[in-house]
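Chain IDs A, B and C follow the sequence of writing; residue 1 opens each chain.
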């Protein structure tokens, strides 16, 4: 920490070092902040900022801090460490999140991999009407409307950034591959009905 | 840090060490917490908790962290370090937080028409947890605390004069009637849940 | 819904006793039965699974609405087709009917595999959600000295819009509505279907109804084609042969070898004919009992 500040002091104006500044800013945010935003405010190259964030995160983990710095939903943010969950729960009123039903999880999975997708399409894949479940997911902020299909006029749905947060994903690319679970030539089958 | 965990491991159940637990809790509490409260939850002597808090605070200062642990008004809370204030200010001022999200707007609307109202009631009406949004609204000066409910002791919220200003209204009586926008028989429905 | 297990006390214990789990639709049930038998999807022992599938539908049938039941029945019908086909002697000529059955089987299994894939990733989701629930993000009000610097809030709407937002919030969310937006009416004209039938029957002279509808895009088209067969019968250009009630229906061409055959258009004139996919028909939308927002609100009371 101090060492890094020492090294960079030669070629930059006096002030807090990069890591110190990052820690300070992330202390006041209430949503994930993109590395590029931090880089712009701190007037540093994005790569340098990302490296510093990763180093901080690794340091917190190695030294067993109660907090953790993680990249989720396209941004960086302080979290509590999972091992402290039982203690933290006593202070966080809204800690308890209702569990999703199997129906909700399946519907969420189809939307995540097929977005933007209509309710009829989801129903075709799951083999059951999924309208009620979709409304629940929308009310929970996990999916949202994403325009309508030009042909059928059906409302399309996609996952939200809150969905990424809840799953602890950086972005949709981090979703596990569907392919290993699928045989060949299944894509688009539901269209053949 | 690790050393302290090592030392205490002999006479306590497995789990995070005292400092780790304190860091985790203080990272998410939204107001200063008294040492005695922390001591009770962690089931540790108050003196031991205070010592740990002071040690953590000193360590953050010595190692030049961007955050600071301070005792203010009888409670402990994480703050940004003073030397980083200019950077944090720039970040806050340049932030793209000017527009309210749909969730925030909806929460604000519920408070406006139901004030004074508790967070639980707002959550019941909206069908989703609204605590985080309510904090954002309070931070933006759009809502404020208005005492507590005599029965449940829950904190109540109301809109501020800044809110009226932003909406271009002189007083709350100028809020448009809800009735024309509501389907029949909806008023008071949320009470039945 | 999932995991709920109930016993049907009404069934006489000596005849039939099943512990009925509630499944998420026909694919879920089929997968459940296949895995219970420890069978591979691609080599399912159809006679075992089909019987259990039918037994399940029979046991639960009265509890379902039309929409739900029709989806189960569609799968059941396919399974029965496949089971019936296996009872026939093997090694015969691969006629159209056989091909249609093979296609139906492949399609059913492919869709089953697809559903299973989503079910698998749903498990991954569940695990991630559970792990993530142990980590709490920092969500605290901004320090007073910085809060004042926040850019001016942009509400972006006037009082009128604001009232509408409020009204929307106060309108109960999980209201049971008849959802119609997904009924996009894939119209199948009876007249067009009749034209297809005329061409085909003039060529092959005689075919089972099953073979005649093998290329149909969906249930709505099967229905339209069936109506077309009836219309052709009324025109006196086809004859039927059916050994027993509900048995195989064979349609033979008895009309002229050329010339136009136009059927009446009783159905096609209706602007919204009742020839829609019954599986997509509007029914009261159901809410998943475990996921009604009202249920969740009690979880974050103060």
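Keep in mind that, in the parts below, contacts are C-beta pairs under 8 Å (C-beta built on N, C-alpha and C of every residue); 3 or more make two chains touch, one makes a residue touch a chain.
These figures come from a predicted structure and were not determined experimentally.
Using mean Cα coordinates as chain centres, the one most removed from chain C is B. Here the chain at the heart of the shown protein, by mean C-alpha position, is A.
Averaging C-alpha coordinates per chain places the centre of chain B 46 Å away from that of chain C.
Distance from the chain A centre to the chain C centre is 32 Å, each centre being the mean of its Cα atoms. The distance from the centre of chain A to the centre of chain B, with each centre set as the mean of the Cα atoms, comes to 22 Å.
Those residues of chain A in touch with two or more other chains are numbered 26-28, 30, 67, 78-81, 88, 92-94, 97, 139-140.
Counting partner chains per residue, chain C has residues 136-140, 142-143, 146, 173-174, 293, 296, 299-300, 302 touching two or more of them.
Within the complex formed with chain C, the residues of chain A that make contact are 26-30, 67-68, 70, 72, 77-82, 85, 88, 92-106, 108-110, 112-113, 118-120, 123, 125-129, 131-133, 135-137, 139-140, 151-155, 165-169, 175-176, 178, 181-183, 185-186, 189-190, 192-193.
Residue ranges on chain C touching chain B, taken from their complex, read 136-143, 145-147, 149-160, 162-174, 293-294, 296-297, 299-302. By the touch criterion stated above, chain B contacts chain A in their complex at residues 1-2, 5, 15-17, 19-29, 33, 41-42, 63-67, 78-81, 83-84, 86-88, 90-92, 94, 103, 127-129, 131-132, 135-136, 139. By the touch criterion given at the top, residues 1-3, 24-28, 67-68, 71, 75, 107, 110-111, 113-126, 128-129, 131-140, 142-143, 146, 173-174, 179, 181-182, 184, 217-218, 277, 280, 283, 285-288, 290-293, 295-296, 299-300, 302 of chain C touch chain A in their complex.
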